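Below is one structure; the comments refer to it alone.
Chain naming follows the written order as A, B and C, and within any one chain the residues start at number 1.
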Amino acid sequence: MKILMTDVLVIGGGLAGLRAAIGAKRRGHHVLVLSLVPPKRSHSAAAQGGMQASLANVIRGQGDCEDTHFEDTVRGSDWGADQIVARMFVNTAPKAVRELAAWGTPWSRVRRGAHEVIINAEKVTLTERDEAHGLIAQRDFGGTKKWRTCHVSDGTGHAMMFTMSDQLIRHDIEVLERTEALALIHDGERCYGAVVRNLVSGEIFACMAKATMIATGGAGRLYRVTTNAVICEGMGHALALETGIAPLGNMEAVQFHPTGIFPAGILVTEGCRGDGGLLRDVDGHRFMPDYEPEKKDLASRDVVSRRMEQHIRSGKGVPSRFGEHLWLDITLLGAHHIGPKLREVKEICETFLGIDPVHHWIPVRPAQHYTMGGVRTNHTGESPWLKGLFAAGEAACWDLHGFNRLGGNSVAETVVAGMIVGEFIADFCDNPANTVAQPVKLAQEFIRREKDKLEKLLNQPGKENPFRLCTEMQEIMTRCVGIFRSANGLQEGICGLQRLLQRSRSLGISGKSRGSNPELVAAYRLRRMLKLALTIAHGALQRTESRGAHFREDFTRRDDRNWLKRTLAFWPSDPETLLPRLEYEPIDIKAMELPPGWRGYGAKDYIAHPDTTERQFEIEQIKSQTEHCDRFAQQEALMPYTACLPESLRGKNERLDEPLESAQ
Amino acid sequence: MSQRQITLKILRYNPQEAGSEPRLQSYSLETAEAMTLFIALNEIREHQDPTLQFDFVCRAGICGSCAMMVNGRPRLACRTLVAELPDTVVLAPLPFFELIGDLSVNTGKWMRGMSERLHTWLHTMEESPDICRIEERMEPEDAEAVYEMDRCIECGCCVAACGTARMRQDFVGAVGFGKIARFRLDPRDIRTDADYYELIGDDTGVFGCMSLLACHDVCPKSLPLQNQIAFLRRKMAQVSIRRE
Amino acid sequence: MSDSIFIIQSGLAEGRRKSRLPGLLDIMQSASGLVLALFMWGHMFFVASILLPQGETIMWIVTRFFEGYFFFGRSIHWLVSCVAAFVALVFVTHALLAVRKFPAGYRQFRAIRSHTRAMRHEDSTLWIWQVYTGFLLFFLASAHLYQMMIWPQNIGPYASSDRVWSDGLWPFYLAMLLAVELHAGIGLYRLAVKWDLLPASRVFLKRLKWALTAFFLILGLATLGAYMKIGYEHRYQVGERYTPETLPDWLLRLAPAEDFQELRRMRTIPAEEAR
């Protein structure tokens, strides 16, 4: 049995995984990256609109800083975020953008002088400062107070991904492409790596490591209509879940993006609306201001998606062969803007819809987009339940996004978490206490177990087709666990999913190849996907409130009193199990810098927690005591977090309006 | 649009299986509105032949996984609408690259080798820049010009379409030239033409290119490959004239 | 023997610093091709002079002109040999450089041919034709150049026509015409897109290329036809050289006096005016 030994095993070749790999490698550790596909094909590359970082270079971003970014993020999360993590994140995001700039990402730059933009359907002339000329530009995105989204035209993720992957190659880090992790090797307390399968040859072997990192992205393919790539099947989530030890957090928090093109679900960026695009209904009426007078088309994604579905339900959808949709109108931006700034969008419209968005409205409808839930970790990115297991990016519940992620915060999270968790992984490996003899026998036992499972799957005389069961699962998820949820629907969904899980025990595989065999892959992934689907549905059924992207028609209010807590899902090891075990992790208002309140958009009524007023009072007091101090000292007094960051990332961020003292 | 029946003739071959012989296998399929080859192939796999191998990732034309020969020409399958195709379509794997099976090829491995060979990363003086400080300035036009070439998705269409590459396995290929052009355009990169000459200044590089320009014509991202390769050729020729 | 031979033999010369040679060779290939193509077009115009009214006379003048007849008072045939030798040198250089790009061996040939057939990509297919025609020209152009070098005196309205018809070389010239026109047209187009120095789009260049090829092919076929016709009519006087019955005065003044005494007298041009 082949066993590879390394210091750090990174599962997933997207932005988070690669950045962490580079970080660990630079600290002198041997790193091995597993990836289902060549890293540059990772779904990170599909991010279009941009990455949030409070650089405050453009005139509409002037005055932006970590504080505003922090508040936007926490409000966006509907107070589900871990505020310490959010602070760590907002302080590192500018560094991440600047590091990428130094590594080669061709960020769009500020041009001095006047330029015309569309804001709230009106032409406005903005004049950029001379001193900002040539610095990284920002655009507007949903749910943000300032223009904060750094971008490379509308191919931001692509440009970032290629920069990162090129840096990985420069650092001579080995990637095992087309290799899939099947199971984590662990003894119940410590993770030692993973059993992996070469998807081409079918070889099954083990990669043993001091630190194992899951950075496998989201699980959008649990849904029928999703913007996610076909590889986003949540297999990293499943790795942790199937240990029975490391839980997943907040899996019911699933984001739907307002503008998936209809009916294919391919994403067109939020940048369309950020740059001035509007949503329109069957009458051509711009309906968002009717629902959200404050942020209009640029409220957070959960809110806009819900309003869109609500509007369709009220009979204002545009009928078509495939069902109803709404329009995204970017014609008002003009060819001179769409050409260079929304190029991917234009290409996508031309190819998949046969329309030119310069002249025609784009048919859109919300589509599954982001998995806020993931492997629950602490602020260092490590699972508190399984030592040596780390997670970052969409696969993790670090918990930056709570119950709704802001546009532009996901690519930002990937790189930022990669930087931070990469350092902590290096620290972990440096610590002599963590250098233990690798239990090779255990690894062999795990290899054998996985081999047996696959042999059984190949040889069992079942009749069920994995591809069809998968489609059924996706239908159920889209129908019952979508944007609007209710006890009845969720219950129905759970029953359906459980039936599928039972049926999946009698899968029949026609091609017996042990090597490259798409049917076999679909079969073993299906069972894992069903477990994840059940975790989402069960969590959603239990959570009797509406928070962020999780909306219950039977419990429409946010309930801080009972539900200001994270769902933790464990999958019991009993093979007959059909439901996860749920536990809850409280979120302490008393430690918050920003206690719960109204988000500034969306529903205004919520059930308050008794601690909230108390904490509000405390905060007022601290603020008045520290009135004479600068914003950093004030913040530190409210919620100290700097010590949580790796030392190399603690520095303050320079801005045009906030020069650093040269001594630093 | 009326529905019609089309025949997909797909090249089947599994190099790992002893006794497997390359052959074209026909599948009949009813088309639907807005059906792409991504949808068609998945339908075949789901309903007709679960053993069929092909690669898709983003299915939106941005990741470059699904390049294949469609009636003899490399294209991204996910962006190919079935409605545009004739009644009989031959699908084959990209040539040149290592075949995994059926329509699946290992472009990733080759691309990594290309990157290692051509050092396709930004070369700067500063090893670790101070990321707390305001970033280096860059002219907006420069950033746009770099991005224009940076849009390459490494799908492999250009190399599969290249007559030169078909004859010499060690040829850099348009994707490689595109990368060099991208870094040459980047004012942050400190390399000179003499440095680039070391990477592409021979017959496996820019002087081996015979300007058949199929790369330019099949590029799904419409990169200006012809002009960029010609530009590099002129620059590299200058180096060869000046060089001792 | 220089020391460097042993370093090169051990395979260590590469990898240190790249040689300048591949660049120079590529430039030379392009430059030699350009010279040959331009020469060939000029040549085409000269031989096509036979198509003009009183073509035989004009072609005779053109021929004599290149032989230095009007400057030195007699035909210096080795001048033509020299030109032919120079062209042959360029030709061999070009062939030597271009053959590097040819498919080496059956495997490569099969790869490129199946590739161009299946792709149906014009520029790639044109390249295959360039290989085919280039290959033909190895033989045809070599033979032609050799002939011109060895028997430079055999150029003229009757001499050339006899060669075409009575010596039975018209199939040779037909083949060479097709090969050279295709090859040069494609080659010049390739040069234009390869170095991208002309401010013209590829579509325009491609159209121009086809237009020029068509023009020179028609011109060439007509010219060949004219020589065949003359050769056919002259089939019983093979070996006889053409002498013009009339010449314009200014040429007559340049021509050697003894060659056109009759004509001079009629035009009353004194003998001493001739050189």
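One rule holds in what follows: a residue touches a chain if its C-beta (ideal position, glycine included) is under 8 Å from a C-beta of that chain, and two chains touch if they have at least 3 such contacts.
Here the structure is a predicted model, which is why all the values come from computation and not from measurement.
Put simply, the chain nearest the middle, going by average C-alpha positions, is B.
Greatest centre-to-centre distance from chain B is found for C, with centres as Cα means. Chain B and chain C have CA centres that are 41 Å apart.
Separation between the centroids of chain A and chain B, computed from CA atoms only, is 28 Å.
The distance from the centre of chain A to the centre of chain C, each centre being the mean of the chain's C-alpha atoms, comes to 68 Å. Interface residues of chain A, counted against chain B in their complex, comprise 37-43, 45-46, 55, 94-99, 101-104, 106-111, 133-137, 152-153, 155, 158-159, 162-163, 166-167, 169-170, 175, 177-178, 200-201, 229-231, 263-264, 266-267, 321, 340, 344, 347-348, 351-354, 465-468, 471, 509-511, 513, 515-519, 522, 651-656, 660, 664.
Chain C meets chain B in the complex at residues 17-27, 100-101, 103-104, 108, 111-112, 115-121, 123-124, 127, 190, 193-197, 202.
On the side of chain B, the complex with chain A involves touching residues 14, 16-17, 33-34, 36, 45-46, 50-53, 55-65, 79, 81, 100-101, 104, 106-109, 111-112, 115-116, 119-122, 124, 126, 129, 131-140, 142-144, 146-147, 150-154, 183, 186, 188-189. Of all residues in chain B, those touching chain C in their complex are 69, 72-73, 95, 161, 163, 166-167, 197-198, 201-203, 205, 207, 209-214, 217-218, 226-227, 230-231, 233-234, 236-237, 239-241, 243-244.
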